[in-house]
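So, here's a batch of structures to check.
One chain, chain A, appears in both complexes that follow, with chain B as partner in the first and chain C in the second.
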Partner chain A sequence: MIVIDKLCYQSKLRYINASEKFVYTVLTLILCIASRSAATAAVVFLVNVYLTVAKGGIPFARYAKLLLIPAAFLVASTTALMVNLSRMPLDAFAFPLGEWYLTGSISSVLAGLRLCGKALAAVTCLYFLSLTTVMTEILGVLKKLHVPGLVIELMMLIYRFIFLLMETASAIIISQNSRLGNRDYQTRVRSFGGMASALLVRSLKRSGTLYDAMEARCYDGELKILSEERPAEKKELFCIAGYELLLLGMVIWSWMR
Partner chain B sequence: MREEKEWIVEAEAISYTYEGNERKALDKVSLKLGRGRKIAFMGGNGSGKSTFFLCMNGILKPQEGRVLIDGCPVEYTRKGLLEARRKVGIVFQEPDDQLFSASVFQEISFGILNLGVDEERARNEVEQVIRELGITPFRDRPAHALSGGQKKLVAIADILVMHPEVLILDEPAASLDPKHRKVVRSIVEGLSEKGLTILMATHDVDYTYAWADEIVLLHEGKVLRQGTPRQVCGDEKAMEQANLEQPAVMRLYRRLVQRGILSPEEAPPKTIEDLERRISG
Partner chain C sequence: MKKQEKILVKASVVIALLFAVAPTVNAMHIMEGYLPAGYCVAWGLICLPFLAAGFISLKNKIKTNRKNLTLIAMSGAFIFVISSLKIPSVTGSCSHMTGTGLGAILFGPASVSVLGIIVLVFQAVLLAHGGLTTLGANTFSMAVAGPIIAFGIYRLCGKLNVNRRVSIFLAVFLGDIFTYCVTSVQLALAYPSEVGGTAASAVKFLGVFAPTQLPLAVIEGILTVVIVIGLETYAVPELRNIGFLRGKEAE
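Presenting the complex of A and B:
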């Protein structure tokens, strides 16, 4: 998560209008999932990788590593779809297990692969958004979409304070380690408990001071803030519209077949 | 034009006790603070500096006594508090306790929007304060990627954007590197020249001696001494009681006068540099 946050702030696409990127992501995601053809997924996948890596300047090795995380889950869950246990061998493959076969049909294997590709393409959509758009700007878009203020304010505070919490936690852990607090299992457990309670106490105190500081700036129950908006480029909008129409065409075609 | 009162902030015998505490954090503190002055608050931890500051713009309501801003008692109603907080701004000691948004721009816009100005003006004000304080080079970085000094500048911008008349700084130089300490101090100096009243809590005796027009020495919730730096720092008993050393330049100067190297007729120097110049003639 921290890695994604760091990369995102370095992305060359960061200063593109946030709503534009958001709309692109959501439309592509919907079309990618709605489509029945593997070709759509392949196009979506390639375009997203191109945009995020080549245009956004995210190092490819980093990106590939990030993709491997959900890929591992996908492989595990789609194998379950492809493999059957039955008394009769099916057409794709069959491994005998006594009287039974660990087997799969060509159609189920194809369906599994298609699903896997589609899911991976969908993941690249979300990675595109999170690797090019900073959290505070995504919140700005959500606000425009009339997501309740309370939800947005909470998300904003959580995003800000999750980093502070981790900083505090790591400082405590380092100081515990330097006093041999992780010597064996017993001390490790005790140290962890100590850290957790210290974190709670500090967080409570911090929330009290934060509230004072906000009140000192005339806070009256609503977090009023301005967001910075970068204008959307016409050229980019046309590109997005053209691309989404192309995808829509592919989706319709895949449904008619 | 409105008649300008001499005292911008007054405290009349205010007392405050935190819930669950026996000891009074503030014990009948009476102070008159002059408009446009540079006033340093000194005293050990727990001497009541922060509590006093929180009382000054109505975050805390003193259980006894009253606070006057511009000669009018603070009213603890929504409108009255808004007014008090517009006039008196506090920059908190720990920027991480003050910055709530990860975006610098959003963070600074909070205070000014709360004053009810329209978006366009707020945007301009935020841009202006970002330029003035030199925040531009790191304005696009998230709060968690800023250095301590940069966060401090944002914390000051947070308040300045609201154009307060009194600026309270709670140990602004604490845990800053020398470069940022200098930056912060020159910003404070500039604000003071513009006529803002500055209240600053600090432990740095040497800096205070040179900088302040006035020092308030607090000890265990009481005012030990209020006066010019020379009066307060010269009061050895009070300084010792507050666990403070006398400024180096003052001690050195006194010895030099005793030894007959400097004449006692001249006004005592305020800084070491000043003293150096005089000795080297």
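Presenting the complex of A and C:
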């Protein structure tokens, strides 16, 4: 139902220690954001694509499609960064609009392109985590990081409920479609509203029965979940440490320049 | 055709065209990696007091009745699912609502701040909307600023005896608009324009996102009113349970 979640369960890297993957993602993200050079972004991008697609076995076509999700935001906001409205033409390009110019400078165009590269590299970091690590394992890592128990418990329940609700919603949508519920714009709006309110009513009722079921199984304020510990391999840890040090070196170099 | 009708037709054509230009319209999440490191940390810190307040309020709610735990979790899942479903837009292109406006009206802004950050984490990891480094900025605009405005306007309209449906529309619409303005300002603060500084940059970001965000806010407002009408028809006891309808209003 959720593409990323489904792909994640198929990944070959799924059974590698979750903390290891989490730490790798967070460190790489931080270094990628902190860096000022396009080279760091390129390295991060290529390594992540290699790890997720070649090592993890995620189909490349799927991966490329996922990379396009933030494209709309990227294009719109980078245009806003590069283009200025000014009375004086700048050096990169200028389109006259009466007395004003739609114009940009070479430095801002370069900065915009660099930002695009950096953002895409950061997106591949995020995808590495979400395409190799199952949500329940991410929650296990968060627990080790001492995120409050209530939040973890809420996240766990919400993650479970998302699929319950999506199933209900898609059943309602199918039956609405088969009854001409999407005939024109007005019915579409009315159907969506009806679907959402039915969904809320059902979910509220369901939450009541779910609590009763949990209490019947001795729920006393803490959800206990069996988690399998898979120790991290030393070789992998050394590789990650070496890679992060290399990135750190590149970041420091990009600052010095 | 009368003059007014002509204007309406023209406006709808413009909205349709704008939707045709933008293939996917999400609520305005700042994408992963788009903000400099300093701003990521700063927005995260700004969110902290709101999150702490929300956390304490949730904890108290659960203390008074343990059953509220599953209820709150269900509400969070509801906000996520609503925001992940395609909503009807004029030309059939796909767009999504924020869902936090509805959440704020139903559950109050304090719970929505914590639920909002959880939903944003799930949106980042499962749907690739938004990101982990921009979580702080997105939480501030979508889970704190928007819901507070929406809830405030809803309450204000209640005090002023405005028709409830109108007040829900206004609350959600203005909450969305406020979220969009806050996000533009966040982007502008991080990337001031070389001609005119932060203010000019904010205007540019507002302008670039206006074609997608303004119709979205209108549609989300209308949909929320339709949803609440449905709820008022079928689910009065449940609504009273979550504290949305007080005794008098329900009658």
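One rule holds for everything that comes next: the second predicted complex is superposed on the first by the 236 of 257 C-alpha atoms of A that agree within 3 Å, B and C clash if a C-alpha of one lies under 4 Å from a C-alpha of the other, contacts with A are read in each partner's own complex, and residues count from 1 in each chain.
In the analysis below, a contact is a pair of C-beta atoms (placed from the backbone, for glycine too) under 8 Å apart; a residue touches a chain by one contact, two chains touch by 3 or more.
Just so it is clear, the model here is predicted, and its values are computed rather than measured.
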{"item": "Three-chain arrangement built on chain A, chain B and chain C clash or fit", "value": "fit"}
{"item": "Partner chain(s) touched by A:5 [first = chain B, second = chain C, both, neither]", "value": "both"}
{"item": "Which superposed partner A:150 touches (first chain B, second chain C, both, neither)", "value": "second"}
{"item": "Which of chain B and chain C A:118 touches, first, second, both or neither", "value": "second"}
{"item": "Contacts of A:218 with chain B and chain C, given as first, second, both or neither", "value": "first"}
{"item": "First (chain B), second (chain C), both or neither touched by A:230", "value": "neither"}
{"item": "Partner touching more residues of chain A, whether chain B or chain C", "value": "C"}
{"item": "Contacts of A:206 with chain B and chain C, given as first, second, both or neither", "value": "both"}
{"item": "Apex chain A: angle to the C-alpha centres of chain B and chain C, given in degrees as a multiple of 10", "value": "90"}
{"item": "Which of chain B and chain C A:134 touches, first, second, both or neither", "value": "first"}
{"item": "Partner chain(s) touched by A:159 [first = chain B, second = chain C, both, neither]", "value": "both"}
{"item": "Contacts of A:81 with chain B and chain C, given as first, second, both or neither", "value": "second"}
{"item": "Lowest inter-chain C-alpha distance for chain C and chain B in the superposed arrangement, angstrom", "value": "10"}
{"item": "Overlapping contact positions on chain A, where the chain C interface meets the chain B interface", "value": "5, 135, 157, 159, 164, 206, 210, 214"}
{"item": "Residues on chain A engaged by chain C in the complex (per definition of touch)", "value": "2, 4-5, 25-26, 29-30, 32-34, 66, 69-70, 72-74, 76-77, 79-81, 83-86, 90, 105, 107-108, 115, 118-123, 125-127, 129-130, 135, 138, 148, 150-151, 153-155, 157-159, 161-162, 164-166, 169, 173, 182, 185, 188-194, 196-201, 203-208, 210-211, 214, 221"}
{"item": "Contact footprint of chain B on chain A as seen in their complex", "value": "5, 9, 134-136, 156-157, 159-160, 163-164, 167, 206, 209-210, 212-220, 223-228"}
{"item": "Chain A partner contacts - residues on chain C that touch it in the complex", "value": "22-26, 28-37, 40, 55, 58-59, 62, 66-67, 69-78, 80-82, 84-85, 87-88, 90, 106, 114-115, 118-119, 121-122, 124-129, 131-133, 187, 191, 193-196, 200-201, 204-205, 207-209, 212, 219, 222-223, 225-231, 233-235, 238, 241-242"}
{"item": "Footprint of chain A on chain B - complex, ascending", "value": "54, 57, 59, 78, 81-82, 85-86, 89-90, 92, 94, 96-103, 105-107, 109-111, 113-115, 119, 122-123, 126, 140-145, 158-159, 162"}
